[in-house]
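Each structure below appears as structure tokens.
Heads up, the next two complexes both have chain A, just with different partners, chain B and then chain C.
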Partner chain A sequence: MNLILKISLRNLFRQKRRNVLLGIAIAFGVMILVIANSFANGITDVLLNKLVARIAGHVSIAFSEKSNFNSPIFRDKEKIFSVIKNNNEGVREVEENVGVFGRAIGNGKADTIIIVGIDLSKELSAETRKEIEESFRMIEGTFQDLSRKDVENPTIVSEEKAKYLKVKKGDIIRVRYTNLFGNDQAARLTIVGILKNDNVFMQGVIFAELGNLKKLMGFRPYEIGNISITMNDAPKNAVKLANKIHSQLKPDIAVIYGQLKYNGKIINVSTLGFKTDDESKKVLEKKIKVINGEIDKVSSKKNVLINKTLFDALGIKPGESFEIVYKNKFEDKETIVKYNLTAVFADDEMTDKNIVFLSEDKFYETYYDNLPEDPKKIKDAFYPKANSSLTDILATEWILLKRTSTTDELTKKYKDMGKGKWKATIVDVQTMYESASDVLKLEKALNLITISAVLVLFFIILIGVVNTLRMTIRERTREIGTIRAIGMQKNDVRNTFILETFFLTLFASFIGIASAFVVMRLLSTVTFNVTDNPMSILLVNSHLYFFPTFLGISSNVLFILIIAVVTAYFPARRAANLSPATALRHYE
Partner chain B sequence: MIEIKGLKKNYMLGETTVLALRGIDFNVSEGEFISVVGPSGSGKTTLLNIIGCVDFATEGEVKIGGVNLSGLNDKEITDLRLNKIGFIFQTFNLIPVLNVIENVEFPLLLMKKFTAAEVRKRAEKLIEEVGLKEFIAHRPAELSGGQRQRVAIARALVTNPDIVLADEPTANLDSVTGASILELMKEMNQIEKTTFVFSTHDANVLKYAQKVIKIKDGKIVDGE
Partner chain C sequence: MLKRFSFLILILLSTRSFAEGIDVNLILKKVENNLEITSDIKANVILTQQKIEQGVKVLEMIYYRRDSDDSFLIVMSNPEAEKGNGYLRMGDNLWMYRRNTRTFQHINRDESIGGSDAKADDFEKRKLTETYEFAKDEKGKEIISEDKLGQIPVYKLEIKAKVNDVDYPKKIYWIRRDNFLPLKEESYSLSNTLMQTAYYLKYTIVDNRYVPVNQMFIDEFEKGNKTVVEISNISTKKIDNSIFTKAYLENLSK
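Let's look at the complex of A and B:
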């Protein structure tokens, strides 16, 4: 063993009482620091992983059709799931996040509720199952009862909500809610289970089977609501996954390829929408030249335009009507839409193909309700050239919002978005680290408070370290003189004392960590009955929740070791700088 | 081996300047066994400290093995002490947390020149020579005064130094033990061919010395 190391370690046991007392003080400080940090981590873990992640996932894909946040719908489930499937590294669960606010009427009592869909068809991972079982403890019935066919709309309610609504298992609740299309609806829900949940914010939630709830809300089988993705090692993987999904969700130009029917003639046409925001209108006015028809502006929302090629083939006049028939992507059916021609336009880029040009308002009315088959598979469908100015003004399949990295950026994005009146479905890919970065800030604030408090504690302890070291150096002055006389260099003398403090702090830290685990274990056994208090959000199963992490503890210990070493450095240097002759002459 | 010319040493004691050495000149040749004799406060320890490079001259020149000490920095002086000089102290000055063999090995380990096996072998040889083979694992606190001084002698000789300086090595020992220590030093001087300079104020130990330097009030009064 290294000589200096050996001397330092053995010196630790020379002044046992003094070192033990100092060690206890350091261990106590470490214990408090570890407990406080673990508690702060625990709060973050509960808020982020057991609440935010459970509600919105580590990564979420949110939809909003026609600027309506009450229409969280995407019409092409296949498309979204194929993108997720291509990027499934680290993905634990993919859930469809469907919920609706409503007013529930029980036995003489009514209250606001949120109906949340649960997908019972999926195999849950052991970790998710454990989290669910910990969060929701069934008092009556099981989650599987939601798939019962013998009762009307089976649901599970919380114990508190059941008490408030004066209902029990087997009773019917009447619910009023607004469906995806803004229509008021009513439904009867049968209670098949009652659960207990410590989280006060989850007590208003009523659970229903996902498919059942989607039907009530007006979803068709190929349509989906918001998606939440939970991940393994979310801090490392979530942002990466969100960026990948985002890059693969870039929308194409939306095209309806079908047949135009007019006066016995049937011609294949590509129907396109033009954007109606101010910027796009300017570009459109410049680009398109009306050659037939009397209209105020090309960009008017009322306009139904056709290109000259189609006009020549049809022989139609402005003011006359025509039909477009196109095959739908789903359900093997056709959609027929009727339009009145307002004008004919000429454009160099749009001469080869037959084109119907609509404002995006008119275009999306048809497009989303009955998605057309994929025009990319049809050779004759019109797509503008890559560098064409048309690409910026044509309606797209959806609008993909840019990625953000903080809550502030996210808020700004939604604020900016609120200024426009979007016609297309908005798709937003985000992680909980931006949507809930305030929670992370809370963790940082808690840690800061903890560290500040502990710093005061350590300041007191370090005064002890300095005094102990001074006493030690005074007692060992002749010994310093001897080892210097024999030939030990100044640096080695200094390092001997620093190492002594380092080891004392290290051993005391280990004891402090062990004590912290014992105390946390004991505190975790205490039960708190505070289900009607928002503070219950910080509890798991009515118990305090600590979440110690290796990184957290290591950085705490490192921080303390650095402070101890820095504190020991100056007295140790003074000891090393003693003249050997003076030190040898020293007598206690 | 040691050349001293016009050596003076002053130090402050409160407001008073103490003239510890007032101009010392003498030379020591290789393998000599020299005693510096004088009453308490005569400057013996100061002289040995300066020769041993743990203290510095105020004036004059000290050369060890031809090297002038005044031109060396702290690191070089420390290396010189480690490689060329062995110390034996009046109060033994062993390191209390190390046992006998570890104390003896200590200077060799500082040199960082030898393997662990070589260090152990050399230390064991010295311990055997000073007659403490059975006490190899004992801590200093478990030894008698004479035994501790034997360990100190072994420690001083383990690096095979050019000079061993012993400051009143028998002052804390009874006369029989003191005599045996001087016998041992003399024996080691003959075995290892190491130069020994030791200070004493005990006239009885003079018979062991090849050469006696008498010092009084910081001056040599008799150099035979």
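Let's look at the complex of A and C:
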């Protein structure tokens, strides 16, 4: 084998000019392939990791209260964080994603903006810090200025937005936005910094300190907005983490445990909500029997029902009102709600506890605004037994949407969700591989286009390879006859030619890769001033971005080597099959 | 003793009676009763929206409302691009219908109507007294005074939201003293910024109730923007059930 290798290598250097020319052609093809592949990877990296992942994280937990996507709020921050804390393997950053659209007025000019919160209290990883510094380059001020207390609502705007609004550092812009509850709200923001960002879609973003923005939006300290999680080795870990978090976010039945006050009597009660969707209504009508009170339907959202046990203890009549006082989980306060009793019901499962039964509309009105203490910690609170038919009709702490694995499934899920009106907070756990799978498809499409174009190029180059090989074989026909005559086997002759092509392609590929890196380096130094062009999202720091990967390059080289070897195989076999006598007789 | 008596008088004055012996808490009720229409309504509505950088946009629509089951339907009739589009509310559900795609999409109450500043919840019935109450000053006294708007004697009063989901948490009304009709309304944000001033320019009487047929909303935040609402052809005849259906909207665009 060593001999064949030696012969192949020696032959490669025998016709230097021809092989150098052919090598240049192959190297050029490899260079184009590597550049194109790295550019496609770069686009995906920018879109996925520098844009989608930065905005929504590799894994995101999204909330929506009362079917309102303008209310991305979850009322119990510590509950969500405890679930994330239990599943922190591979997690790089956990961020609260709070932003709001608004209208900003500068000096005589107005424009649409998005105010985004930045959490300055958190220690960022070096990788994240680098990504942020690359994407948002401060021209004036620093991100730390957002925590300044000496100015009203410090904010950082992009250079383009500042120019449009005719404002500069130290100026005040007035913004109008809608807070979490749909209130039209106004605020004065002081510009403490100006930054440069190449992404045209990010130029409308203005930054505020997270805590400050949350306050402006109406969040209380224990409430939280959407969460984004960035991870190490996201392709491997993201889906696993999302599934884990999803399984641990299964909601319990929502219960308000408090004291009912009526006519001087004080009785401990569990207040439950019943769902009012069509399916639940059917079950409810069958299950719950009204024994006192004139109501058309048990499932009417106006209803306030109590069970017979409570009715017997209170001596209340339908139409009369009562109060429920319950302790809140946060803020160390009590909430008082007043209801008018509409009817009394009897149910076998709900006999041993005092129960107030409300439509979910009424129930959630107070439940979310004044979150009650965790009823699981209260022994006397009512909980339906496992496998009880009640569990399907009782209001839950939130509604957890099922996991999806593709964009199509995700779209369908949201479409189905849009058909109904949900009273509870909707919680959705997703990864960017389903929400942004179109970006991955884009990468595949770009790679396919690149490979198709390069294949055409290689087809032309490989015609050259075949031609060169045929010429070489023709020139060396008598030599083939000689070495066959002195004992070299057919296979060895064939392998000599194949190895010669193999080495030519391999060396040319190395040169092509090296040239690709040089060209990419040169192209990366060219500055493109296209800030008002949507294509600017493909640039990093106004420069083209290439992202070569070892796997990408090695698979490209392997692909080219296979093509070259297969192409060389047939002329080499023909050469090997020549009889030594015929070959020796060959004369030109 | 005199001091205590004076204090008692002050309390009584502040809570019970105001000018002409009117209970302050009744003023909102009277305003509400004046404007409350209990029957079904059908009317033509023209929204003329003027924006500094976008010019004038005119939206015409037919508006149907039935409060007995919290339903309303808006069918856009002009401009051409919006014609046939609609907004249907039935109970808790609010859909936007797009003629071109013939699809219904669930929307929220704060969604814009036809890309204008008008929101879907501007077209639904919500009682003033259910959502607002009198605002009180530091002494716990309702903020109300007698005033004049031009030559017209009015009550100037301040109300604050009782619930979360209203557009403005604070409003100041100028209400005619003779017939309790609002003439002017200022809306403030949570940070106490004046956001909008509304002028009720003309009323008409329908079924012994007043309907503001010409209103002007001035954007105080972005100066130069304003919206004029004109209501005409008001009918209070019972509206057929078939109107408040998805099929009705779909059939219109056939």
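Note that the second predicted complex is superposed on the first by the 547 of 588 C-alpha atoms of A that agree within 3 Å, B and C clash if a C-alpha of one lies under 4 Å from a C-alpha of the other, contacts with A are read in each partner's own complex, and residues count from 1 in each chain.
Here is the rule we use: a contact is a pair of C-beta atoms (placed from the backbone, for glycine too) under 8 Å apart; a residue touches a chain by one contact, two chains touch by 3 or more.
Only a predicted model underlies this, so the values are computations on that prediction, with no experimental measurement involved.
Colleague: With the two complexes superposed on chain A, say which partner A:Leu3 touches: chain B (first), chain C (second), both, or neither.
Modeller: First partner only.
Colleague: For A:Met488, select first, second, both or neither according to whether it touches chain B, chain C, the two together, or no partner.
Modeller: first
Colleague: Give one of first, second, both or neither to describe whether A:Arg103 is in contact with chain B, with chain C, with both, or with none.
Modeller: second
Colleague: Once the structures are superposed on A, label A:Lys289 by its partner contacts, choosing first (chain B), second (chain C), both or neither.
Modeller: neither
Colleague: Thinking of the overlay built on chain A, is A:Thr178 touched by chain B (first), by chain C (second), by both, or by neither?
Modeller: second
Colleague: Contacts for A:Asn70 in the overlay, against chain B (first) and chain C (second): which applies, first, second, both or neither?
Modeller: A:Asn70 sits against chain C, while chain B stays out of touch.
Colleague: Figure out whether A:Lys412 sits in contact with chain B (first) or chain C (second), or with both, or with neither.
Modeller: It touches nothing on chain B or chain C.
Colleague: Looking at chain A, which of its residues have contacts with both chain B and chain C?
Modeller: none
Colleague: Name, in rising order, each residue of chain B that touches chain A in their complex.
Modeller: Touching chain A from chain B are residues 49, 52, 54-55, 74-75, 78-79, 81-83, 87, 89, 91, 93, 95-98, 102, 106-107, 109-111, 155, 159.
Colleague: Mind pulling up the chain A residues that touch chain B in the complex?
Modeller: Contacts found on chain A: 3, 6-7, 10-11, 14, 478-479, 481-490, 492, 579-581, 584.
Colleague: Within their complex, state which residues of chain C touch chain A.
Modeller: Listed in rising order, the residues of chain C that touch chain A are 52-53, 92-93, 105-106, 108-110, 161, 164-169, 187, 189-191, 193, 195-196, 221-222.
Colleague: Once bound in the complex, which stretches of chain A touch chain C?
Modeller: Per the stated touch rule, the residues are 67-70, 103, 105, 110, 174, 176, 178-179, 181-187, 218, 361, 369, 418-421.
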